[in-house]
């Protein structure tokens, strides 16, 4: 090994010091917004997250249930409702967004809410309603607070949590 | 430090030899095969690829014939369960790096007690494909020494990729699932039950 | 000499930090050297080929990306190509260009992840920190275009799902500038290190004849000196109109395979820049039936795509109707992840096993499917 | 409630943990508080969700800000992140790794496939609800969940540990027969497994 090589090998590690001057690119998640390279906030409108369904517009066609590749959507007959409504199981959903594409009235929509966690698996089956919009700012959802129905013996379901017609702006 | 080209002196081994691709178009190669194998027929497709139907007994000689003509890359081996015809269709996909064409070699074997000669001697790559098909379809490959347990473990049912294996029934029995939208399921492909 | 050692059997994986993904290896060792190796796949078996027979043609688009997790878009592409060929669909030019961008971004992200894995396997943990951190900007781009970080479900039979947003090409260029500026830093960190030389040079070497005989494809085959690339041999998407170089090296060892990946990242950046520059305007989707009435006429086709790991093929058989009759997926790792590894590991030290798996870029999910 | 249902008073009829928890002494509280701040995550990529782990570990999201780092061996790990679907073949290894982990240990189900099978609901090879075979403390829905979701789950897990609510490991020991019965339904235990039943001390 010649002398210049020795000098090179001794000096080279110190080149790493230049990284001290760079801005860190860690996203400190609870305290910081996740931005892309130009500083625009993520996720964007296109993000495929948890569903909302406007019950005033939904015509109960059931296309969303038919197109779902994961068998996640079931049309549920709710007591006191004239129409059946889609109920989504998030233990099945793969967030492909086909249900949104196929919806003829654009009432079913995938929001950008991406974080949904709970201690019990039961709460992951719920009825998409505009109530979800309450959580939109933080991109996280408390599934236990959303509109949920329970099947009764006669095949109909009763709503046990939430009010599907509540307006959220 | 990496130079533009470096000399390998550390570990020399016997795995050596330059590969020189041979350029024989698929149609000519198929004609050569047709001359030697009785009962075979070929068909040219729209996209220039050639499809060959050969008797299952001559698959070994067809494969070595193609290999001789530069179809060195054994792309895949597909087994299709033609339950209505009571057959398994085996599709051998070959590719020539020189001619840049694809050849499908198809052959049918009976569904009862299925067995077809292994092509491992010609194409080493086939060993894993045959192993998988043995497990998923129950087709035997005499001549392949590595037909051991592959992907499934503790499996007791019939070979799962066969059409008469009802996956949803099996899952309902074993894992106790609920089918939320039964309308979306496919019609059964059994011999009795239509398409 | 070898007989002096006792044969020890070691189960290497699936719960092992050195293994890439959920993949098992049974090794018989004599001393430090591997004497016999047996791969144990199947931990990620989800029966995709069976699931696809139970779903309609369009529903399958949503599930195929899961077959190869680090490089998901090739699945959508190969599946769509096969379906388009059987149906005789003509894909609009603009869709082809968008597809090219997506596939190349996906290749960069898979290569960055693979390079990080190799760095981790030789104990250089700075490299995975850097490459995975930079890869995340590509995932941000994907998210803005497709609405999904990892699984995009964006390429489908007939074209692509949405058009690109207005400011997206500018962001692509920015991200590419960033990655291009980082590449020399990776080079000086990884390839100029003495450890890399000592560990990777001459590692698990094979030559082109041996590689072709054993079904090795993709970057691993190009590292042996053969200029084979499906993008060149059987062009799909917009690769016919784009000028790019097929990266080859002649040494055929671990270092050559790693270098091919590094150079391919640079080449992919060039391809994306051209595609963004020459993007034609027009339709993004051919006329297809609605998803619930999507029927494919009888026929079969084998579609192949060059993925970051090698040749990715879909053999789709249709007998008409709403459901595929049979879909066979040919993952690149199916050949070099099982048989090639079983033959190449013996004679190597146990410490190199994870490294060889890394340099071959074995992707277990596409073996098991 | 039939005889098969888990007993021990920690699960209600729906399998949801109820809140009357064992009393913790002062030392236990301090220990819980401390262990919530320093956890090791078992490095076992069980499914496709593992592709979001490298971004979470490395510089962009940096999991170590939470005091969580990867750990190679089960015996030194605290958290088992089930990253996505489990095939039956993997479940066997997962249960074995889980039983090797030291108490207290926590399981996070990452991805929709851990809740009800996800898109593999009709696959013969994957199990559907992980909670039947090993106790899960937190489920994260999503396919796949973003790193943000993983971090929210860690935050929630930390607060649960501090409050003494993350008691999946207790449930496993108290209801071992229930979990064991479900496990035996889908896979066979090899003869080389440690057969002694886990006991709650």
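A, B, C and D are the chain letters, set down in written order, and residue numbers restart from 1 in every chain.
Going forward, a contact is a pair of C-beta atoms (placed from the backbone, for glycine too) under 8 Å apart; a residue touches a chain by one contact, two chains touch by 3 or more.
Since the structure is predicted, the reported quantities are computational estimates derived from the model, not experimental observations.
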Among the chains, which has its CA centre at the largest distance from chain D's? B
Chain pair with more C-beta contacts, B-D versus A-D: A-D
Can you work out the whole-Å distance between the CA centroids of chain A and chain D? 22
Distance from the CA centroid of chain A to that of chain B, rounded to the nearest Å? 41
Can you compute the centre-to-centre distance for chain C and chain D, using the mean CA position of each chain? Integer Å is fine. 31
Multi-chain touching residues of chain A, meaning two or more other chains, are 25, 43, 66, 68-71, 89, 92, 94-95
Shared interface positions of chain D, touching two or more other chains: 59-61, 89, 116-117, 119, 121-125, 143, 146
Residues of chain B that touch two or more other chains: which are they? 151-153, 160, 167-168, 184
Taking chains as nodes and touches as edges, what kind of graph is this: line, ring, star, complete or other? complete
Which of the residues in chain B end up touching chain D in this complex? 151-154, 157, 160, 165, 167-168, 170-171, 174-177
Can you list the chain D residues touching chain B in their complex? 88-89, 92, 116-117, 121-125, 127-128, 185-188
For chain B, which residues are in contact with chain A within the complex? 179-181, 183-184
Residue ranges of chain B touching chain C (in the complex, touch as defined): 1-2, 5-6, 8-11, 13, 15-19, 21, 47, 49, 72-76, 78, 80-81, 91, 93, 97, 100, 102, 104, 123-125, 127-129, 136, 150-153, 160-161, 163, 167-168, 184-186, 189, 195
Of all residues in chain C, which touch chain D in the complex? 14-17, 21-22, 42-47, 50-51, 54, 62-63, 66, 69-70, 113, 116, 128-130, 132-133, 135-136, 139, 149-151, 365, 368
